[in-house]
Amino acid sequence: MASDAVLETQGLTMRFGGLTAVKNFSAAIPRGSIVGLIGPNGAGKTTCFNMITGFYKPSEGQVLFNGADITGTPPHRVCRSGIARTFQNIRLFGNETVLENVMIGCHLRQKTGWWQAVLCLPSNRREERAIAERSRELLKVVGLQELAGEQANSLPYGAQRRLEIARALATRPAFLLLDEPAAGMNPNETQELMGFIREIRRSFDLTILLIEHDMKVVMGICEHIWVLDYGEMIAAGPPEAIQSDPKVIKAYLGEEALTHA
Amino acid sequence: MGAKTNAVLNILAAAVLGLFLWWAEGHLDGYMIQILNLIAVNIILALSLNLIYGFTGLFSLGHAGFMAIGAYVCSILILAPEQKEMLFILEPAYDWVQSAQAPFFVAVMAGGLTAALFGVLVGIPLLRLGDDYLGMATLGFAEIVRVLAINLPRVTNGALGFKGIPDHANLWWNFGWCLLTLFVVIRLIRSNSGNVFKAIRDDETAAKAMGIDVFRHKLLSFAIGAFFAGVGGALLGSLVATIDPKMFTFVLTFNVLMIVVTGGLGSITGSVLAGIAITVLLEWLRFVENPVYFGDWELPGIPGMRMVVFSLALIFIILFRREGFMGKREFSWGWAAGRFLKKADRHGI
Amino acid sequence: MTGAMFVQHALNGLTLGSLYALIAIGYTMVYGILRLINFAHSEIFMLGAYFVLWGITLLYLPWFVAIVGAILITAAIGILVDRVAYRPLRDAPRISALISAIGVSFFLQNLTIVAFGAIPREVYRPAWLENPILMGEVRVLPLTLFVPALSFLLMLGLVWIVYRTKPGLGMRAISKDIETSYIMGVPVNRIISLTFGIGSALAAASGIMWALRYPQLQPVMGSIPGFKAFIAAVFGGIGSIPGAVVGGIMLGVIEIMAVAFFPDLAGYRDAFAFILLIVILLIKPTGLMGARLEDKV
């Protein structure tokens, strides 16, 4: 076990009525690493994300973030403590502009509130200007600065994904969860994405956990990988070990994804 | 359009409004002035519901309840003790009701604040409910308020209500409060907190994931909306000089909902425009209900026709143009300047 | 309170509860298949009574014909409302359909005001319903026994339709999963229309019996009973027909008993139901017999 684990799960189990979606998921994620959670569809990967980020209360087990127990903490408080995420089916604030989406992400760390805004206090004016500035910077990081004034749901799919990441970064996370960031991308885009993920890890001082189906991405940037099948962890280790693990190959049998690796 | 230019233009517009009101006071008859007053109050009510429903996505049908609270609190504070002495014939009023007095501004404020307080008390249990259930529960709240108003004669004079409420609510007070409401709502929506309200409307789950305390913000929006609903109710009470529990039925909430939907959920401009249009329409439709006289010959009125037309209009809007007149768009000086310049350009100026 | 009085109150409660139950069934069936609160249902209840009045006083129909005719026409109106005001909004956000329902409710109410006037109208009451029956010490109007009995028969008929016929199977399928029902070839639109028809017919029957029990008709007569019946449906578990029946009867009994035991609270009679609604939604929103509906993240 890594001695400096930014996030640790112990025996996480999720039951919905009679169905056990995740059973006994234990993992320790080293600080500053990029790691992956893979498995066939329906294996329980997003359920794990939901347990870590507080959307589901685990039936059993614990989630420790920087040593503190955050099991069952509501989602907004989980984010406040430094964990941000994106969603498998993109969840943008569709009616707002691209810039506003990121500004909403900045709200968490905002000091002045609604009544300072209503009273037009200079402290609020200054802070909102700074937030707009910072949001534009983040848009530059993901390459969307030209589209700042566009409505979020008018963006093409790939741009929407990047906007979701910018919004997540706006909350100043220490730990970032990306749910299928490469979905729908062509080989060029996935190359760019891999470089991008490495870059934000460096410049924002992050630890990153991703769910991904694209094996090129997973094997390319993940330092450690956990494999789920039917809710149970069937393998864990560095990419080379996972690639040749017979259990993993068996779980993916029938999916051409593995032939890319 | 710089912020300074916008501010100057806004102040100019307010000044023009002031001039218009001054002219209207001297030159328009009582009926027209009453319509102007109603327009101001309806805009306040529409903005308050739009904040809650159009911007934050909370389907609240309890507006009549907040209006009632505001109206009763304000009326108690502006009726003179001698008047109250005479009004409370069912049962004598409580001492604190009897002697309560306050200047008009304070009374309206108090009405709004009391409504906001109830907004918080009611919001805490109810705002965790989803969409349609929230609607029914807030409707239930409004009905409970009405039943309480009937059954607490020592506070509200029961089913008889109040008559002869001092009519302080003239054009200046009404439009003054209207401008204040407009200012607060615009500042609120333009701020990042306003973005947060809209985020909650668009996707609550994502909002939570971004660290937003959704429940607290829902409560905030609900309370501010309740405040202005209370203000609207208080002004209405003083305007029509009588209030009783029968006034604050679901029909009242329905009218405000109609204005907000017609103008556009999520458009402040829409609420203002629809506030004007619908108030005028409702008054104009009144002629359908009253008999028309051609010399000696009477064409009987059709009572109830007003609401028939009204409700049909709402159904049509929901079926064919759900986003209302403005959708989510807003008026801005920049847009107006753009249109003006285009026109000037075309005429070779 | 004597034993006889208690029985009398209980029977009154059962009568009122049966009337609520018949209306509540309509709410619960529509919510079950469409997730829509049919705000206009209370006006359907009212129209049932008004059409009987119209049939008897304007068309001089014998009362039996007027009643059957009224039920059929009201059922047709219920179906029409769905076609015109709800079906186009199937794919729209749910609140749009609810707003449409509110609009229809006001429309029907005020159309009735225009047609019949807002002044309460008296309804013809056949003489045999007027004479009280004596059972030991208990005096009851025949109506008080007639209503629960007839309601029970109607509900049996409904149960037979829902659990023993093919359209009934379709109804149950649609309330479980409407998407899959489409794919499986269930004639969804027709079954939805049937659901509205049956619900409206039951509400009309309730309206007619209500008018016999409280013989004053006014266009707003549907609002409060309708809302209370909705609350009963939520109380019993919205989406569940047995729940609607249980909820309706319990609400009727509680309402009558509470005022019987605490006459001072008579003014708050209507508020009970609203308070019950809020309490239920907070403690157990699925009601006595309802099932959980999960939200996907």
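Think of it as A, B and C in the order they're written, each chain with its own count starting at 1.
We take it that a residue touches a chain if its C-beta (ideal position, glycine included) is under 8 Å from a C-beta of that chain, and two chains touch if they have at least 3 such contacts.
Remember, predicted model here, so these are calculated numbers, not experimental data.
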Furthest chain, CA centroid comparison against chain A: C
Core chain by centroid distance, with centroids computed from Cα atoms only: B
Rounded Å distance between chain B and chain C, as computed from the means of their C-alpha atoms: 33
Chain centre separation (chain A, chain C; CA means) in Å: 49
Euclidean distance of C-alpha centroids - chain A vs chain B, Å: 43
Shared interface positions of chain A, touching two or more other chains: 55
Residue numbers of chain B (touch at least two other chains): 205
Multi-partner residues of chain C (each touching 2 or more other chains): 297
Contact set on chain B toward chain A in their complex: 184, 187-188, 190-196, 198-199, 201-203, 205-214, 220, 266, 328
Chain B - residues contacting chain C, complex: 59, 125-126, 129, 131-133, 135-137, 139-141, 143-144, 147-148, 150-151, 205, 250-251, 254, 257, 261, 302-308, 310-312, 314-315, 318-319, 322
In the complex, chain C residues that touch chain B: 35-37, 85, 88-89, 92, 94-96, 98-100, 102-107, 109-114, 117-118, 219, 223, 227, 230-231, 234, 267-268, 270-271, 274-275, 277-278, 281-282, 285, 297
Of all residues in chain A, those that touch chain B in their complex: 53, 55, 74-76, 79-80, 84-85, 87, 91-96, 100, 103-108, 110, 113-114, 117-118, 120, 124, 128, 131, 167-168, 170-171
